[in-house]
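Below you'll find the structures, each written out as structure tokens.
Each of the next two complexes has chain A plus one more chain, namely chain B in the first and chain C in the second.
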Partner chain A sequence: MTMASTLEQRLDEFTRRARERSEALAADALPALAALREAGRKTFATTSLPGPKTESWKYSRVGPLLEEGLLDRPQAETAVPDVTGIESFDAGRILIVDGVVRDLPATADGITVTRFAEAGAEAAATLGRELGQLADMSERPFVALNSGLIEDGVLIHVGPDVQADSLELVIAQSGDAGPHGAHPRVLVVLETGASLTLLERHLGTRAVFTNSVIEVRIRDEARLEHMRLQLDAGAGRSLTALDVAVGRNARYDLQQALAGSTFRRNEIRIRCEAPGGEVRVGGATLTRNRSHLDTQMCLEHIAPHCSSNQVFRALAGERSKTVLNGRIHIHPGAQKTAAELSSRNLLLSHDAEIDTKPELEIYADDVKCAHGATVGRLDERALFYLRSRGVAETQARMLLSFAFLTAVVDAFPVAAVRDAVRPVLEAAFLAPAEASRP
Partner chain B sequence: MSETANQKRDVDGDTAIDRHLEREYEAGWVTDIESDTLPPGLDEDVVRFISAKKNEPEWMTEWRLEAYRHWLTMDHPKWAHVHYPKIDFNSISYFSAPRSQEDRPKSLDEVDPELLRTYEKLGIPLHEQEMLAGVAVDAVFDSVSVATTFRSKLAESGVIFCSISEALQDYPELVRKYMGSIVPYRDNYFAALNSAVFSDGSFVYIPEGVRCPMELSTYFRINAENTGQFERTLIIAEEGSHVSYLEGCTAPQRDENQLHAAVVELVAHKNAKIKYSTVQNWYPGDSEGRGGIYNFVTKRGLCAGERSHISWTQVETGSAITWKYPSVILRGDDSVGEFYSVALARGRQQADTGTKMIHLGKNTRSTIISKGISAVRAENSYRGLVRISPSADGARNFTQCDSLLIGDRCGAHTFPYIESRNPTATVEHEATTSKVSDDQLFLCRQRGLDPEKAVSMIVNGFCKDVFRELPMEFAVEAGKLLEISLEGAVG
Partner chain C sequence: MLKISNLHVTIAGETILNGLDLEIAAGEVHAIMGPNGSGKSTLAAVLSGREGYEVTEGSIEYFGEDLTALEPEERAWRGVFLAFQYPVEIPGVTNMEFLRASVDALRAHRGEAATSAVDFMKLARATCKQVGLDTDFLKRGVNEGFSGGEKKRNELLQMLLLEPKLAVLDETDSGLDIDALGVVADGVNTLRSAERAIILITHYQRLLNHIVPDRVHVLSGGRIIRSGGKELALELEEKGYGWLTEAAA
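After this line comes the complex of A and B, so read on.
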């Protein structure tokens, strides 16, 4: 590929190579996997990759994902990177490196954590029932790509009424694999009355393409506390689809702390499928230098009597760009829904950009929905107040910026994670700006 | 018919090579015409025909043709949240003479009683009812003299208020300077179509320092009939001038055209203020969604100078489909843009409306207040864009868009785009959606109001922020209009 090739040519080339890679895969013994791969391959062949006119990609350019080598397989045996855990957060670790499952916690009573490839009869049945049911591929070519290239993945299954210990899902890059594409796949199923705390961490700053798909089924009365940390800036190209179905009287709590990278896009779709569901979403984001962070959030209220609350706080510095599409969709019949979304953003530099679009699409009348969005900068008066009391300007800016992010960071359900996130965000905030490239 | 066909064949024989011949031919051709109506269909000859018919200068004809050629390369936009069958642009006649007296209803007795009931409720005098319903009356009351009186008064202060066709004859240099400068024909599909085939519209020019002595209203301008379909309005306010323009009226108007694609351009120079108010109540189709007007409008204002001010106020209750985003480009420093809107959709109406505020100048300010009401099976969307460009230091935007739902099968949607690229700017957006609260209804009913009256009162309160911005007569009418429109939607 030369630099002169047009986007269209590059998209075509990418599509062709993806198909080749998918077709080169050996047949899979597991019927669920074989079926998903087939469906993914078919959908990928018929959907076009997002071009400049694709509305849902209006603020994200697909270019960084099309670079040379980003569809290649990672080298077979790469070193497992040293991943430090979070202090006083005791959790079984699932480690996926370059898309390959490298480590799993010991199985406990009522909890199954297994590679797809090693699924027992019961796990295989769960996979057959659930895999690919939530991550809709239509109009999401990269979910189709993930499915079309699926070879393995991780199933987390929590049995009925089991109160599971915490789990940590680490999606990491190895240090020595060259440019490549990884397509991690995770399925989480919480049976009726189960509960789980899941910490999801994305690590790595290298220029590799990580295209993750995570499906989460939360059955009636079950409860999932989900924390997501994507705090490594750098050259990573990361695309994550998270599709969640929330059952009757179930509860889903997603709290995120995110930094941008060369390309980072999170597509999150949460469906309240039965009455009484409760959803809470938070996102604290900090983008710096030339990083890019795009959150595509869609909360679908299908059943009546559900509630959702979403809070997003973003800081954008230097030449970075933060995008939020926060859509609330109330289906016909979803009466008595209460849905809220707040998106507040601070621009820290003259060259940064914030694009936020809170959307409401409502087809039921007895609902209470509201969204609010603001974009601005730190209050000069507050800054002056602090400085007049002897606080240095940098310190004052940081204090105020962090007060702003606190609404989200404080909502992290695990104190140990909260305490681990703060210093990382602080360090990222205080780090000197990278010298801008010509 | 055969006459027209012959002419068509003649024109088809034209080549673009010989421009001079063509021009001469065109001029001759116009005098040849006996039939005033073109058969349905659209091609370059139709565009030339319209232009020639209006005796337009050559640059205008060329501009129309360029617009037409560009239109051919464009696709019908699909992004709006509205659904309708594909429009066959070749089934539309792009130029037709006024309806003959024979086709019209002979008296009000022949007019749809439902329409008359509405007129009565709005308190429209009888002779105006006749005009609105298109009744053939020998002497249409004294509107001509009314218009003349107004014109002379306007002329005293130097205000030009005439049709675009007249302006093209009398002030071609002004029209040439501004037409298409705010909404270029390349802007969008319907703007391109309008630029190619626009029939007529209003032209307003307010000279420097003049405060227009009266509210200008299309209602008083004698429009040739059938100009509404592809209307084009151009308003220019010179430095320090001030004008308030009213468009439409609350009464449902008889209209033969299903597709309306209008373009409105406003230019406000330094310290000038333009206030543009619209009440739109065209035929929305029947309760099953058959018929009704498609209203695809491009409205845009440019705050060209410092401290200029453009304000859009609209009350939209009619049309089967509304697709309309009155926008302001805030280029002058300290300029102000405002958008106040009430959009009511009931039955099977679909409205996708909102605004764009493009902040370019320093300390520019914009306010957006949008109130959407959906009833029965209607779909009502707010779609807005607030863009703060890197040059807009200290820019400020406040947006509030609220939706009210009446009935469990309607839809209310909000799609606000916020793009900020300047840290000194402040953008605030709020949106809420709810139904008429049971508590409010209970309170009203407890005090002896029937449910319909109670709902209309609550809805009026909901829209108060916008009605307050309308000129007084309009505000009273708009309140009444809402009340009538909601009839049958409650209960």
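After this line comes the complex of A and C, so read on.
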């Protein structure tokens, strides 16, 4: 690629190379993988990559994803990085490094955690039924790209009425990999009445492209506690699609603590497909320096008598940018829906940017829907009050900022995780600003 | 301890303090009285280092140091304390967390170790009792949803925990019932010592029945127009400010 290439040329080049890489994949995959790959390749070829005019990409430019080498395959054998977890959070670990499944926990009764490539008959049947069903590819070229390049992935399957032990899903980069694109794929299926606590951690600060797709099926009466930590700032280019279907009287709880990086975008779609579903989402975010964090939330209320409650709190410092698009779509017939979304944001510097947009589409008349978004700054009076009591300015700013995040951090359902998140965020808050380039 | 000379202060270009002189020695309690809008809170704000107040002329010396050159927290580290006329609510920061951060910050600057959680809890509870606040207030957000009187008691609680060298109380007695007034007076009298100076800004002479001041000053139009002993407060109670402000005009 020459320096003078236009965005259009770079998009074309990216598309061409993606096709080449997809076509070069071994043909001996499981039928489910082969089918998904085929569909992904086709969709990718006919979907244009988001340009400046694509509404849902208004605040996120694809440029950082198109850089030299970011479509290359990762090296096959790289060192496993240090992924030391959270002390006193005892969980079986699934480790994906540079898109390659490197480690899986021991199996337990009623729970299957397997690589797609090693799926037994039952797991293969589950894959055949579920894989690619939730992660809609239309209008989402990077989901299509992930599908078109699929070689492996992880299936987490919890059988009916099984109360599973906690699992940890670590999506990491190796320390010695050059630029490449990794396309992790995970499918989680909780059968009727099952329950699981899943901690998802993304690690790595290098300039690699991690394009993850996670599909989650929560069947009737099942419950998933899902915690997501993306706390590494740095040069990572991370795009994560999370598509969740919530069954009858099922419960989905997603709590997130997120930092920005050179490019980070999370596309989250949650579908309440049957009555009685309950969804709770939290997001505590901190962006600093020139980092970027884009959350595209979409809550689809399809069935009646479901509830969703979403709380986002964001701090943006220096020249960073935080985007939250909170879409709530209440379909015709989804009567008695109660949907709430609160997005409160603090600008910590004059150059930081926060774009938060409510998007309500309501096609049922008997619903309760509340949506609030605010962007503000720290209360100078409170800051002075603290300082007048001897609390140094930086610490006073931190106290006030974290008072703001507390509601979300406290909502993490596992105390060990909650207690680990706070000091990481505090350290990130207190770290000196990077010298800004002219 | 404190020497204010010819102090001129403007807010947004408007002159509020206009040649104020005031000198306070360690061990003294001074009362500052004066009509609404005369600049009492402005003086308190300038002493504590609030932003937006410009000293255009004159000086404030505190233990020989130029106080105006210091940040608010640096003043607090050196023993300056202001009990706010309108204490700020800070939801999300618990009173306990706030008090401990303050006390430990001051201790650190005196070269003392941070308090242990248990010791601090004991101290905070005991001090709550002293100012008549239920210990539940320690768990609540700073001043969050406190009544006017509770906020004032909370200011007093902070003052007692921080043990300032120079305490400025800005109308801490306003809006208090007799019981609460007694608590404020007891608090101030407890603090009163040979090493400390206290400035009581008040509208009412009733507080001065409980705390006997060494000097009473009348502030009007941004300067001190009259100073005297404790009997001046009684005279003001009787005659109001009119006779003084007219004479000064």
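Note that in this section the second predicted complex is superposed on the first by the 436 of 438 C-alpha atoms of A that agree within 3 Å, B and C clash if a C-alpha of one lies under 4 Å from a C-alpha of the other, contacts with A are read in each partner's own complex, and residues count from 1 in each chain.
Here is the rule we use: a residue touches a chain if its C-beta (ideal position, glycine included) is under 8 Å from a C-beta of that chain, and two chains touch if they have at least 3 such contacts.
The structure displayed is predicted, hence computed values, not measured ones.
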Combined model on chain A: chain C and chain B, fit or clash: fit
First (chain B), second (chain C), both or neither touched by A:353: first
Per-residue contact with chain A, leading partner among chain C and chain B: B
Chain B versus chain C as contact partner of A:400, first or second or both or neither: second
Inter-chain angle, chain B to chain C through the CA centre of chain A, in degrees rounded to a multiple of 10: 80
Chain B versus chain C as contact partner of A:365, first or second or both or neither: first
Which superposed partner A:416 touches (first chain B, second chain C, both, neither): neither
Partner chain(s) touched by A:335 [first = chain B, second = chain C, both, neither]: first
Chain B versus chain C as contact partner of A:386, first or second or both or neither: second
After fitting on chain A: smallest Cα gap, chain B-chain C, Å: 15
Overlap of the chain B and chain C footprints on chain A, listed as residue numbers: none
Residues of chain A defined as touching chain B within the complex: 55, 332-333, 335, 345-377
Residues of chain B defined as touching chain A within the complex: 79, 388, 390, 403, 405-435
Touch list for chain C against partner chain A, complex: 48-51, 71-73, 75-77, 81-82, 84, 87-93, 97-98, 101-102, 105-106, 109, 141-142, 158, 162
Complex interface listing, chain A residues touching chain C: 379-382, 384-393, 395-396, 399-400, 402-404, 406-407
